[in-house]
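Submitted below is the structure of interest, expressed as structure tokens.
Think of it as A, B, C and D in the order they're written, each chain with its own count starting at 1.
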Amino acid sequence: MNNNAVLLIHCPDQSGLVAEVTRFLHERGGNIVRLDEHVDQQLGRFFMRVEWQMDNFEIESKEKIRKIFLERIGHKYDGMYYEVHFMDYVPKMAVFATKASHCLYEIIYRTQSPSENWNVEIPLVISNRDTLRDNVEPFGIPYHYIKVEKDKKEEAEKKQLELLKKHNIDFIVFARYMQIVTDDFISRFPNRIINIHHSFLPAFIGPKPYHSAYERGVKIIGATGHYVTNELDAGPIITQDVQRISHKDGVKDLIRKGRQVEKIVISEAIRLHLERKILVCDNKTVVFD
Amino acid sequence: MNNNAVLLIHCPDQSGLVAEVTRFLHERGGNIVRLDEHVDQQLGRFFMRVEWQMDNFEIESKEKIRKIFLERIGHKYDGMYYEVHFMDYVPKMAVFATKASHCLYEIIYRTQSPSENWNVEIPLVISNRDTLRDNVEPFGIPYHYIKVEKDKKEEAEKKQLELLKKHNIDFIVFARYMQIVTDDFISRFPNRIINIHHSFLPAFIGPKPYHSAYERGVKIIGATGHYVTNELDAGPIITQDVQRISHKDGVKDLIRKGRQVEKIVISEAIRLHLERKILVCDNKTVVFD
Amino acid sequence: MNNNAVLLIHCPDQSGLVAEVTRFLHERGGNIVRLDEHVDQQLGRFFMRVEWQMDNFEIESKEKIRKIFLERIGHKYDGMYYEVHFMDYVPKMAVFATKASHCLYEIIYRTQSPSENWNVEIPLVISNRDTLRDNVEPFGIPYHYIKVEKDKKEEAEKKQLELLKKHNIDFIVFARYMQIVTDDFISRFPNRIINIHHSFLPAFIGPKPYHSAYERGVKIIGATGHYVTNELDAGPIITQDVQRISHKDGVKDLIRKGRQVEKIVISEAIRLHLERKILVCDNKTVVFD
Amino acid sequence: MNNNAVLLIHCPDQSGLVAEVTRFLHERGGNIVRLDEHVDQQLGRFFMRVEWQMDNFEIESKEKIRKIFLERIGHKYDGMYYEVHFMDYVPKMAVFATKASHCLYEIIYRTQSPSENWNVEIPLVISNRDTLRDNVEPFGIPYHYIKVEKDKKEEAEKKQLELLKKHNIDFIVFARYMQIVTDDFISRFPNRIINIHHSFLPAFIGPKPYHSAYERGVKIIGATGHYVTNELDAGPIITQDVQRISHKDGVKDLIRKGRQVEKIVISEAIRLHLERKILVCDNKTVVFD
């Protein structure tokens, strides 16, 4: 996958788009290895992901591709949104955590496991507690404990943002980070903060979803990976998974069984993000997996 | 299963209950074929289901079993709730429907299919539309069209209740019956009205859940079989199931995919009810499947 | 979907294929509503499905599209396989059954249910028993009982083939048809006989898979929808699904639980076939759902 | 769970067993916290698991319970098999691995994670390679590299057995250990070696199941946790799980997706073994979860 490029587009639907984009790439020597498209009939909107080999592609730099694509195609289509990604770039991911180790651990393991083939680097872990330091530092990852005091959230976020900037962080993962961040913080990483919520959203928004699930007596629990927006637990959903439970399961069992689902869901959301398979529009995702 | 009896109990937990109940049955010649028990630690409550063969059991009538059980065991335990069922009795189930045929159809098919082994009879189908008559009458089941006018709900329910009484109906299934019934109606069939809600409760309570699911952009939809209580879509959940969806699915696809889940879930809820495997307590179910 | 056309292609992979095909359609006024492509890296083979609106398409007949496509594109690519389908054509499906009614029933229900939106007609049901006649004729579908005697299989198949020809059957579904058909019969419907096998293939090939599953003590059972080839239960798999079981389930329970999975799997396979979403190559399927 | 005891029984089915066992425990002050029973109709065999609190139980030692139970109950029932376990005993588990780290890692993580609540100790990891040393020693677990040469398997196993004996190992987990062990080795740990096989058994027995699954074109892959017996991949199945795949997945994807299933399945099998929820009879398991 290393020397491929990915183009993500969405725009009002119209005839000829696929033909035009594929010709644009083909004529410049770009061998398409994968193409996905989708038309949202309700929105009247067209979504596309094209991945092509850069080996013999005549335009080599991302900036130039962007410029030429805009001149030849982009400017003709009102309201077109597009991104270009080079897969040889290694994104920098910051992981935020609090007390629970299972998601953090799974993420570190997958990042370091060659067979997972995750194209990512973790320059730092940030936590509002000092609890997980020993789970992180042995892997050679710096651990930053930044206390978040009730009335001084902005102060803490200022420190966080400095670290994120210093390390050129591309996107953030909230690996069971038990703090609500400010709108200002979120606005700096649009569709670039992935959160795991430990319920099958929109059921059980907010804290203690397993307790609520137990009280309600549901027979299936779940977890949701989504991008963070200003509205709590209401951002675009990337992926969800579920787990069957029964009357035998107390709250502790739900927490234990849920952790397994959470690990899978957050890993899946990160993988899809890294492989540039997600387009966001109208608070929903198109996932070309 | 024909000549078995089932005892369902729940009461405050205490030592020796299983020993006492099993001895009671054993000493009277009742061979236990299945026993399930559960202690809800949070409620401090004990639940049990025992099924035994009546062939050589010395007490033959349900009323006598109930009386002797009460004298020997029941009276010693404060707050004990119990039911006795004879499996050779064929329960009478009324099915309520509106326009959608899929659940109704599945229920009729399973009722008439020997291999499903459902011990049940459908003396009548009641509907607030005349639409499904041709789906029902060919199977030899009477179809009653009772119009439910906005301000005359009680009037319609009066007619329904007369029919239910006349046919000695034991329990009711709302097979996508699109009417909210009165508290009075519900109070006459406590834990004996099974409803299918076409969402993964408590997500998307109320009408048009597939539209809401589409709007929210969830990646999994579901259905819930539950007993009807006075609070809308909030009764004890019997069973739930889910189905994975994607951005490719419009509302119509969700409806189509959902129907498959609904059919399975309502059939499962009916089967569990017929096999006397459900105990209800504190608005939750214990399902001994 | 009514006035759309579908082009299915597979051929050795090479650069520029998507561009060429999409331009071909676009230049002739064909608005693409859906495009899927896949490159099988191991086979070095390219697969594509394009669906476009015929409303303003300048070539109107299937034969002409085929001819012009061959002249302009097809002939340039060695080893290209392609099919063109018009979605306003209603395929004719023959259903073969024996004793079990659940798959047959489900298929008839879905065919007749408007909300399933199946674009298909069932001109006849053929069975080697007379058992299911009453399950079929009330729906207005002719039922043909053709006995298959041990040493006279060819004779029976001759009668079957005459009926299939007479009714211009496009494809066949074996809805738990408990007969092995001859290679000659199969060769007349290449990738056009869909079979449901009541196990998770390749586990438990052959008869009585639920008995074998019970003997082996598996914890999950399944069903497989596949195209029939000369090798028993070894044809290209279209879709599979599974169901969790436990030690509580005897053979009868496996059969009962399995039926539910079989119904879903066979319906899914038929839907995919009708929507022209399946390409077969090298005894495997590419399913663009 | 700490001060509970568990009794596991199976024997030819007969009336009165539950009554007798529960009375035996109740009369000696044992408060039953959980009871599960199952009658295998085909085998005519009764299975039971009872868990009770030892706090006020009048017999305190495992040996004495065993003796008294035998005198009062066991001797009356021909062919009764039973085990008694005290949950305050911490079993010693040896983990065998080769090159793949994912199962090993998951097991170590869960063993050390308080919220998993695994009652187990890992005194050592044994491997036929030196590859995974750095994945194990940082957790404070000794890593033993014992080379297994083709013609000197017995020699290697002798060393392994010495280590197992020295550390009082109770049971073994093959966490993707890529060696076939001798019958002699297996006979020393009957129903006490848990293996993870990376397929949905009995499909794809033997090596390279993901390659075989890819070749066959299945749409679902799986993993199986089972006890090791003399016949390869044919021991009693404890638990299985599956994962949906598609034509997009090459062999590498199957391996990657399968690892996730393997981790879950092996963890589940170990948990069930530790909680004494498994009974083995006739090469099948009864799992009281």
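By our rule, a residue touches a chain if its C-beta (ideal position, glycine included) is under 8 Å from a C-beta of that chain, and two chains touch if they have at least 3 such contacts.
Being a predicted model, the structure only gives us computed values, none of them experimental.
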Between B-D, C-D or A-C, which repeats the contact pattern of A-B in over half of its pairs?
-> C-D
State the pair with the higher C-beta contact count; candidates are C-D and A-D.
-> C-D
Distance between chain centroids, defined by C-alpha means - chain A, chain D (Å) = 37
Rounded Å distance between chain C and chain D, as computed from the means of their C-alpha atoms | 42
Residues in chain C with touches to at least two other chains are numbered 38, 248
Within the complex, which stretch of chain D touches chain B?
-> 15-16, 18-19, 22-23, 25-27, 31-37, 39
Note: in the complex, chain C contacts chain B through residues 100-102, 105, 109, 113, 115-117, 138, 248, 252, 255-256, 259-260, 264, 289
In the complex, chain A touches chain B at residues 38, 40-42, 47, 200-204, 216-220, 222, 236-242, 246-248, 250-251, 283-287
